[in-house]
Structure formats: C-alpha cells, structure tokens
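Worksheet for the structure shown next.
Residue numbering begins at 1 within each chain, and the chains themselves are lettered A, B, C and D in the order written.
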Amino acid sequence: MGKGRLEAFSDGVIAIIITIMVLELKVPHESTPAALLPLLPVLLSYVLSFIYVGIYWNNHHHLLAASQRISGGALWANLHLLFWLSLFPFATAWMGENHFAAAPTAAYGVVLLMAAVAYWLLQRKLIGLEGSHSMLRRAIGSDWKGKLSPAIYALGIALTWQAAWIGQLLYAAVAVMWLIPDRRIEDAIAG
Amino acid sequence: MGKGRLEAFSDGVIAIIITIMVLELKVPHESTPAALLPLLPVLLSYVLSFIYVGIYWNNHHHLLAASQRISGGALWANLHLLFWLSLFPFATAWMGENHFAAAPTAAYGVVLLMAAVAYWLLQRKLIGLEGSHSMLRRAIGSDWKGKLSPAIYALGIALTWQAAWIGQLLYAAVAVMWLIPDRRIEDAIAG
Amino acid sequence: MGKGRLEAFSDGVIAIIITIMVLELKVPHESTPAALLPLLPVLLSYVLSFIYVGIYWNNHHHLLAASQRISGGALWANLHLLFWLSLFPFATAWMGENHFAAAPTAAYGVVLLMAAVAYWLLQRKLIGLEGSHSMLRRAIGSDWKGKLSPAIYALGIALTWQAAWIGQLLYAAVAVMWLIPDRRIEDAIAG
Amino acid sequence: MGKGRLEAFSDGVIAIIITIMVLELKVPHESTPAALLPLLPVLLSYVLSFIYVGIYWNNHHHLLAASQRISGGALWANLHLLFWLSLFPFATAWMGENHFAAAPTAAYGVVLLMAAVAYWLLQRKLIGLEGSHSMLRRAIGSDWKGKLSPAIYALGIALTWQAAWIGQLLYAAVAVMWLIPDRRIEDAIAG
C-alpha cells in the first residue's frame, strides 16, 4: 500500500488546521491602531499554535519519509493524530480569547498531551511495520524529545492551576526544544 | 485517464469536510472548566462523524488503490459521493446542537444512508470498468458490510422516531463494524 | 515547467470552493423536520453550484490531461479562472438566501458567464502553447458547448429581469448539457 | 529529502488562504443590485489580495522548480513565509471593511513587507543549499524586483499616514510590477 495518499491527505488536513486558526483573529470594527491591541493575546496563541502545528508537520514529514510500509492500522493511527491536531483551533481560540486563563491553558495542554501520545502511537505502529533493524528505528534513536514532551505537558497542566503562566512557559519551552531541527532522520536517510 | 487527480481532489474535499466540522465547537466565552460541559454533545457528534469520514477516506483509498481505470462516469460517481459527504458537517452540527433529538438524528441517518448508496454506486462503476475477473472484483468479495450498512441505517432512521438513542446506537454500531480493518483489498493487492 | 503543481493547486482551490459553499446551510435552532423547510432554496442553490463546480473540475481535469506545456501566462489564466470560481460561494448564498430573487439570480449568471469566459481564455492559452495540430486542439474540436454556454448565460441574465425563473431554468439547462460526459478529450487521448 | 511534500503542503495552505478571503464578502440580506454597492471596497481589497497571493504562489512555484535540495531549515523558512501569508485574510478584511482607512492600509503594508522579507529569507536559504553556481542562483539574477518591493512597501506604510490612497497606489504598483511574468527562472530551466 502506497504512502502517497496518506501524506497527501495529512498535508491537506494539517494545511486546513494551520489556516483556519487565523479565522479567530476577528476583524475589529474600528480602524485605529489601538483596535489591534485587544487582539494581541489571540495573535500570541495563534503564533504558538502555528509553530506547534508546523512542528507536527515537519516531524510527520520526516517520519513518513523514513517509512516504507503502511497498513490499515497505520491509517487509523494517523487519523487519530489528525483528530487531536484538529482540536488545536478550538483550544487556541479558547485560550487566546480568555487572555490565557487557567482552564483554557490546561485544556490547551491536554490537546498538546494527547497529540503527543497520538504521534508516539503512530511512530510505534510504523516502527512495528519497518522492523527493529530498520532505518526508521535507527533514525528515531532514543527519542528523548518524544518521551520528555508529554511529561512536561502533564507538568504544565498540573501547574496551570497554581499559575497559568507556568503552564504557558512550559508549553513554549517544549516548542523551542522541537524548533531546533531534528537531524536524526535526515542523517539516517542521507547516510 | 489517470486516477491521480481524482484521488488528490477527493483527498482535498474529504480533508476539508473532516476539518470544518470542528468549527461547530463554538468557543465558550467563560474560562471555567464547567463552560466545556455544554459542548459535550457537540464533541460526541464530532467524534462520530470524524470516525465516519475517516472510514470513508480509508475505504476510498483502498477502492482506488485496487482500480486501474477511471472514466468520465466514475468522476461523477465520485463527485456524487463527495456531495453526500459534504452534508456531514451540517448533519453533525444539527444533531450535536440539539442534544441528539429525533429529527436531527434521523437526518444524520439519511446522510449516512445516501453516502453509503453513493459509495456503492462508485464501487459498482469501478468494478464495471475493471471487469468481473479483476483484482478489484475479487477484493470486494461478497461485500457484506457494504450491503448490511444501508439496511441498518434505514432501520436506525425508522426507530429514531421511537427513541432517538436507538438510531444513534445503530449508527455507532455500523462505525465499529467498519473500524475493524478491512483486509480484503489489502490482501488481494499483496497476494 | 511541470503541470503537476498547477493541477494540485487548482484541485486544492476547487476542493475548498465546493466545500465551503455548504457552510451557507445554516444549522437551524429547532429540532423539528419542519425546521429544514426554509433551507430548501439554499440547498437547491447549493446543489446547482456543486454540479457547476464539479463540471469545471471535470473539464479542467480533461483540459490539463491533454496539455503538455505550461507557461507563466497559463498560470495566470488559470488563476483568473479560479478567481471567478471563488465567487461561486458568494453568488450561491445570495441567490439561495433570497429565494432566487431577480438581482441575485442575475449576479449568479454574471459569475457563470465570467467563469466561462475565463475557462475559454485558459483553453485558448493552452492550445496556443500546444499548437494547432496538437492532440489538445483536435480534442477540443468545434467546442460548441463552450461557445453556446456564455450566450445562454447572457440570455439568462437578461431574461432574469422579466422573470427570475427563466434565468434559473437556463442555467440549469446548461448544467445538464455539460453533465452529459464529454468524450472528446477522453477519446483523443485513448485513440 | 524530497521537495514534493513541501510543495503539496504549501499548495494546500496557499489554496486555503486565497479561498477563505472570499468569506469576507458577507452576503447582503437585501436582494437588490444596490445591496452590492457597499461590498465594493471589500471586493476591491479581495481582488488586490487574490493577485498578491497568486503572485506568491507563482513565484514559489518557480523557486521550488529550480531547487533540488531541501533541508530542515528550508522547511521552517517556508513555514515562516506561510505564516505571513496566512495574515492576508485578516489584513484584507480589515482594510476592505474600513473603506481603505489609514491604519488598516498600514497594517496591510506591514503584512506585505513581512511576507516579502520571509520570501527573501526562503530564497536565500534555498540558494545556500544549491550553491552559488547553481541554476537557481543564475535564475534569480540581480533580483531587483525582490529588492525594490520591500522598499516600496515601507514607503507606502510611511506615506499612508499622509494619505491612505498613496499607500494603496504603491501596493498596487508593486503587484503590477510582479504581474509581468518573470521569465528569469523559466528561461534558466529551459536553457
């Protein structure tokens, strides 16, 4: 079974997710620069989510590039990941419109956590298809980022109830950690 | 005529359908966890529809993978299927916002039924192009799931007027039946 | 210059156009079957536009399948066509929400007319690139449908001011004319 | 690393951006021709943005067609460009709904400026991967359009505070400058 359509469909869904988030930037009725100020938290949460969805697209790109085989189960593991990613626009808007209050920040963390779990399940499924001596398995390596991220999300969700900014700081820190390009798979493919 | 663009266009339409359904999850104005509670029926109907659209994408993927020939008539049979799938966001939102009342549940069933009929027509069209000894024909086999589903949808629509939850239960049962991976076509291609 | 991305981008835009039109089917707040009745004109205009956009996608598919060369000018001729197609959701919604009144029906006809002109310009551009002895040129043939359609649209726009239903009838008649599969290009490619 | 998915994902995002802008053309409740008049500034800003997004898609198409190598950094440079393009619908709607007032016109210019900077960064990244003797490097040439445009945008933003129409005129002038097909890369690939 070819992976072409799986990639194309995922590209489509992720492209729509990353783009419809911007619809939450509601056009102000006034035409003064000051009218943009109340939009700042919405813009900030959009930027954070844009980066996160970008990270997922990049990692998905690398993951599939290193995979040869796809199965019916992998299609569903992929759809499961797309489901959690599809909740980003909702979680982003709720957090942005409520000026990063505690409950929306925690909900945002839950979406981050579940997407990370779904990604890990997809990765495990694909490694299972490729085998333990595959290029993909070597490329993933110890996957310390993939293991650390859910723990930090969980910590962030818990600490949100103390102070929401701690959760937000932790979410941003994980994003920065992933923004540093992941050369593992690129190197494994090239070498 | 190549099937590449038919697949790409269908991927695009299905990706948009599956993603815009999430826009019905209207962002609450309060920032308390309790504000999420009224969204629960909307979320539930979203999950059910996400799974159904995912099933259609998976089956469409397999169906086209096993097909070699496309005709002008097949393009229209495919557009006919996409038309009924495009009514999922409407039917999902109506059912979710009205807490699974009878009329919206019946309407949801009608969309399920018509999409199943449209899929069956597309499948018949493609089998007609491939021939009765084709890999596709063998892969489809007795197609008991494809024959049983419309009957259960029709039963669900009828029983909705007795109690809406019976219809919903039947729709969910069909989804579970399809979630079990369909190895027929995969096996036929591999073997 | 490859035509692959031109096709992929057009597929994406047309997929979005055909899908966002359904967002005009506003979910009713009541949960009775009667609540669907006021939606009937919106649904009817959606069906007509779905068929029209489907016709454009089919014809675009055939046109590009028979083309070998693309130029910068062809990219713009294609974007020009996509621009007019992008006005379908607006024209469809205006006509549907106003129960097929005269002015919206005329506006719908103008969008149909301009899309037909844009398609003709794209076709001419591509024939110019392929040459007058090309497969594409032979496949297009006399193009009586392409020449007749704009004339009927113009007639429909004019007669709308007498009675809107005449315009709508003419638009529907052109759609039916195109729905009959166009075997010209398919035959030219096959033979 | 293949560039296929980078192109497909960018096509998807740009297709959505160019299409959702039309949703700002809010359907009027009246059904008279006069009801379209207040939409004229919104339509005008839509046309300008459609052309700009079309220009970016065309240039992106050419840029990637002349590139052979992609890196993790190039994926992020591309996402950075898509981020600024994703703000077009917001900036377009704000400018159109406020009848081209000064602040929205300046904000529109800022989005134009940042998109131009992001495009330049992506181009530089890709040239860096291809090498200074590459086809891409020769195809880009002196890139006077790419260097002149940001300067004119900056001038437009500054002069907007004198009179908004000067900024709009300058933005339109840059669009016209780019509409003249850029044969550099086409020629370099062909020759």
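Brief remarks on what is shown
Going forward, a contact is a pair of C-beta atoms (placed from the backbone, for glycine too) under 8 Å apart; a residue touches a chain by one contact, two chains touch by 3 or more.
Small disclaimer: the values here were computed from a predicted structure and weren't measured.
Taking the mean Cα position of each chain as its centre, C sits at the greatest distance from chain A.
The pairing of chain A with chain D is characterised as different-residue: of all residue numbers used at this interface, under half are used by both copies.
With centres set at the average Cα position, the gap from chain B to chain D is 37 Å.
Rounded to whole angstrom units, the spacing between the C-alpha centres of chain A and chain B is 26. For chain C, residues touching at least two other chains, in rising order: 8, 12, 15-16, 20.
The touching residues of chain A, counted against chain D in their complex, run 7-8, 11-12, 14-16, 18-20, 22-23, 25, 27-33, 35-36, 47, 50, 54, 57-58, 61, 64-65, 179, 181-183, 186, 189.
Against chain A, the residues of chain D that register as touching in their complex are 1-2, 5-6, 8-9, 12-13, 15-17, 20, 24, 71-73, 75-76, 79, 82-83, 86-87, 89-90, 93-94, 97-98, 101-104, 106-107.
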